[in-house]
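Once you scroll down, you'll see the structures, which are given as structure tokens.
The two complexes that follow have chain A in common; it is paired with chain B in the first and with chain C in the second.
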Partner chain A sequence: MAAEMLSYLDRNSPIHRLTGATKLLCFLMWSAAAMLTYDTRILLAMFIGSLVLFKLSRIRVQEVSFVLILILLFLMINNIAIYLFSPQEGVNIYGTSHQLVHLVGRYNMTLEQLFYQFNITLKYFTVIPAALLFIVTTNPSEFAASLNRIGVSYRISFAVAIALRYIPDIQRDFQTIAQAQQARGLDMSRKETLGRRVKNTASIVVPLIFSSLDRIEVISNAMELRGFGKNNKRTWYSARPFSVGDFIAMAGVAVLLAVTLIVTFYDGNRFYNPFLAGV
Partner chain B sequence: MKKNLFSTKTIVAVGIGAAVFVILGRFAAIPTGVPNTTIETSYAFLALMSIVFGPAAGLLIGFIGHALKDLLFYGAPWWSWVAVSGFVGLCFGLVWKKINIDEGVFAKKQIITFNITQATAQAIGWFLLAPVLDILIYAEPVNKVFTQAIVAGIANIVSVGVLGTLLLLAYAKTRVKTGSLQKDA
Partner chain C sequence: MKKPMISFENYSFHYRSQAEPTLKNINLTIYEGEKIVIVGHSGSGKSTLAHCINGLVPFSYKGTISGSLKIAGKEAKDQNIFALSALVGTVLQDPDGQFIGLTVGEDIAFSLENDCVETDVMQRRTLEAAKLLDIDHRLTHRVHQLSGGQKQRTALAGVMIDNVPILLFDEPLANLDPAAGKYAIELIDRIHQEAKTTTIIVEHRLEDVLHRKADRIIVMNEGQIVGDMPPNELLASDILAKYTLREPLYITALKHAGCDLPADGGLEHIQKLDIDEFKDKLNHFPNTRAPGKTRHDAAPILELRDLHFSYRNGQQLLKNISTVISKGEMVSIVGKNGTGKTTLAKLLCGFENPAQGRIVYNGEDMTNNTIKEFSLRVGMVMQNPNQMISKHMIFDEVALGLRVRGVPEAEIKQQVNRTLKICGLYPFRNWPVSALSFGQKKRVTIAAILVLKPEVMILDEPTAGQDFRHYTDIMEFLLELNRQGITILMITHDMHLMLEYTSRAIVIGNGTILADDTPANILTDREVTKLAHLKETSLYALAVRAGLEHPREFVQQFIDYDREVRQHGSRNVILS
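== the complex of A and B ==
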């Protein structure tokens, strides 16, 4: 039941010293670049780059390994599903067919398919270290300030801050309610029939939701009393000014995004095709 | 209660709503027996919040809640489905003034309005937007994403239809009906 969750890890590293706004912008540009391109060369370069950044941040792999295992499991299932549904996708994309293993029907394994799925997997591997770094090196209270800094309305930024602040509380509420109901003999596992499971889950979810609605009432009254939302702007306790490092980081990732866009769309195809060159 | 699209209360509702969405999405998904397919209680909750607090709240709870859930528990947001969560949250909320749940009435007429809206919104969201975005952003095989989307979409429509309706009924009961007080003769 005690599922682990990614959270802020306080360290003294160059990545931690960057402001939240810089990390948010860099993370968004980084994911945009990784999402848009299928160019294997760029993805590989970005993957290596993200490993270097990970090393710089002094975060140990063990500290995030629980999430890595989940991701690997997800990627494996995803890859199997892609192969089951569309074993010739790579042939369609790259236009050639180098057969490796002969299997039943359309399930012949081709080099193109392997390369295509390698690219899909690589795409995740370039985003994951960046996303993990962003979460574990950004102080949650600075996160809201940085959203506001990049132009998101402070009301919405504050909503995000509230969400981050209350996720642990609500998780605790959920566990308390779930344990209380289980002590009364309610079973949510596969041992029950589907109908009963829905009913039993409802008896946990309903109290959780109604206690949260009460919470909304209390918090919004408190904020209203303190005059929240009166002015068009607000300051943030945890906001920090930009330093030289921030500008270097942002410029670096911006250049990366630009290069990615140029290389990716230069020949009008998102995919890097090594099979054409060889022919 | 005054119906304001973007009051302080809406902001708090978005914050707490996103937090509850995260927790329900992670812990209160009911396994159906089909691999990788769960009945998501979080969308039923999203429907309740959209009907109570309006489309703006629905959009933000869906978007922020789903993005945070992916980030905190799986390490990277799956942007195409995050966008669709925002979209369905927005659409659920479109009928908030029509249903007006704070009057304490959620009878046959409101139930039908709610279910038609949620089924249409989710059909567009899951059967159309999610797979198209998957193909555009992630270039995944067409038949795979459509199969996934249709299974998830049906599960979500059913879950919002059953659990969402029940939640709204329970919520309506907690509101005081207008004109429910009578002067003793």
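== the complex of A and C ==
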């Protein structure tokens, strides 16, 4: 259901049992590894790894399907854009050119370009499950505490946590307002022209902003009246001490990051080049 | 000698953005352990007074202060909001918005977190505070899944955990169903007695607050204190009526009956009244029958046939809802919080689809129609006007629906102006919506629906958060619309609204219709009121105590007479 997308999904799984701080650190290291390397072997291994983690977390794919489709859509647009703007990037990187299809000018499709874009897509596929996992398995109560633990100021941590928490509320507001506006005849469906639909959406956004501003005033008063911002630091009710599992997870991902870096930069090149052998 | 906890001396406050000072020359002393109720209508300055006590004024809402306010002996303006929050615990009006923590435990612990209390100590103290308020078995529950009463307990535990000497409640009863409201007052009273806290309640539902004893009532009007006396003395006087504040109904009834009210005892609670004195007069209550309220002969406009509704997760919310609404009726839909009243309204507008059953308008099956098709027949006014208003100018807001329908501009102008006149908004037609008060915004949203000429209008809590004056304005306005033939359904928690303005009430409870009868019959039926979290009207209790022969009729008699009296002075709606 769209109204609940990207909210915390409570399960009893090894992933859920890790503290929020561990998951955040692991996620950051995991992403760093995936971002730095273009080594196809590592990326494939990490991709399979992330699928295993996803399975372990007992989150079902359809529970995150809406966001997943959204991301895949962007990924596709991204891929097309790369091809449009630098169709010979792969040839540059790998140093060879195996032409597959002859097109106009520099738009000849090469095996190198396809391989390069395959690697980019693979990067996304290794990070997406990890990112989704981090979001849906981290108890929002623990989220701010985790950010604060890794050194982010508690004011910012809390602001982020509260913003995340209000996503479902704002989605609910959006739905209510959309219904109210549709009842006045505003059509949000495909029957309307695009220009009108954009205009009609604006008439939802304005009340949404006003009702959100109301919320903000109430919550900031409530927070101030109960001493938020009194000291330079604060403690957290839902902070949990690290357990053995946390250390294992962090050590595991740290090793992964190290191995990635070594393998990737061992030969002075971030790219794994399958074309060299063929030459 | 009692120790003064809060003392205002020649205190005035002027908001930076306002033309006039909001508080003028306040002199008020509240002593340790007292329980004070502050009443006054919207804009009387009662909320500002509360904000001065908890420090939101002047630390969050800026402005100019003159005079002195001492809290626990120290000048408030020389401190900061954190120092004050250690003295004054505030429970805000909004039952949902004020929660900061996601779970009950987290929210209760919030102020301890800010005090850097260690996690294990914090968890222990949170449990203690939760036990005090009997919410300890729900520490891990999410706040928004709680019932209204549980939310109150959580909010209270969150301020009690600091052992504050002063507790301030800002309209604690708004948005609570009558039974939850009664419980909240009992809870506040228990805490007041056990913890000996100085307690201040800002609330305009005086009858409900006086369910438990209070020491003094402060009446505010236009930024000044116009009354400061024990409840009994206030009720015997005509101060409340003078400032159009709602008296407890039984007091109004006694006054209408021509009883002399003693200033020295028994008035603040119906069970303490010295009833023998009044029996005779009550037996001769003036009899005025309101003409033609019931219209059973009218044609049905809306039929619900065996409606069922379930959430997407399969949980059933409504079942076997069958009823017929006749053209021109004014019906209230009541029941406890979270029982499906709003969902029922959404079904009737096509916002949600029933799992089973039929919705028939004027003999035409509309069950599977789109929202747009529903909108040609039924209009819905939401509880919060900010959720509906999307245009900057009032005229444009009201014109929105017509413009979407493609009505020619000349005709739009004519129709919008006519509607604005009906709603008393014509003088403001070129104003920005943001310049209006909450009650006026509500009118704008009603006008925006009205202009579409629906046959049926559904209003969700039309008078929530409105003082008695605005309440009367809005309800008389709706009544006038009803007289012109629009069928009106209202979702409400206000028992008086239901009694006074509707001829029929549908009680929703346990997922279905518990009762469907006249409001007077429903509010005198112990079983139904208990099941649906309603509150038996004090008029009935009065009639029973006075040993009247027909207590139910007395309730109706009073309502008719009271409306007559009030209408005499009230503004008539002008139609063009």
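One rule holds in what follows: the second predicted complex is superposed on the first by the 250 of 279 C-alpha atoms of A that agree within 3 Å, B and C clash if a C-alpha of one lies under 4 Å from a C-alpha of the other, contacts with A are read in each partner's own complex, and residues count from 1 in each chain.
The criterion applied here is as follows: a contact is a pair of C-beta atoms (placed from the backbone, for glycine too) under 8 Å apart; a residue touches a chain by one contact, two chains touch by 3 or more.
Every value quoted in this text rests on a predicted model; they were computed, and no experiment measured them.
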Pick one for A:G185: touches chain B only (first), chain C only (second), both, or neither.
-> second
Could you look at A:F174 and tell me whether it touches chain B, chain C, both or neither (first, second, both, neither)?
-> first
In the superposed arrangement, does A:T201 touch chain B (first), chain C (second), both or neither?
-> first
With the two structures laid over each other on chain A, which partner does A:A251 touch: chain B (first), chain C (second), both, or neither?
-> neither
With the two structures laid over each other on chain A, which partner does A:L51 touch: chain B (first), chain C (second), both, or neither?
-> neither
Is A:M223 touching the first partner chain B, the second partner chain C, both, or neither of them?
-> both
Does chain C touch more residues of chain A than chain B does, or is it the other way round?
-> B
Check the residue A:F210 against both partner chains and state whether it touches chain B (first), chain C (second), both, or neither.
-> both
What is the shared patch of chain A, the residues that chain B and chain C both contact?
-> 1, 162, 165, 202, 204, 206, 210, 215, 219-220, 223-224, 228-229
What does chain A use to touch chain B in their complex?
-> 1, 3, 5-7, 31, 35, 38, 64, 67-68, 70-71, 74, 77, 81-82, 84-86, 89, 93, 120, 123-124, 127-128, 131-132, 135, 155-156, 158-167, 169-171, 174, 178, 188, 190, 194, 197-198, 201-202, 204-206, 208-210, 212-213, 215-216, 219-220, 223-224, 228-229, 270
Residues of chain B touching chain A in the complex | 6-9, 11-20, 22-24, 26-28, 30-33, 36, 39, 41, 44-45, 48, 52, 60, 64-65, 68, 71-77, 79, 137-144, 147-148, 162-163, 166-167, 170-171, 174
In the complex, chain C residues that touch chain A = 54-56, 59-60, 81-82, 85-86, 90, 92, 94, 97-103, 105-106, 109-119, 122-123, 126, 158-159, 312, 346, 349-351, 371-372, 374-375, 379-380, 382, 384, 386-391, 400-401, 404-405, 448-449, 452
Contact residues on chain A for chain C in the complex?
-> 1, 140-141, 162, 165, 173, 176-177, 179-187, 202-204, 206-207, 210-211, 214-215, 218-231, 233-239
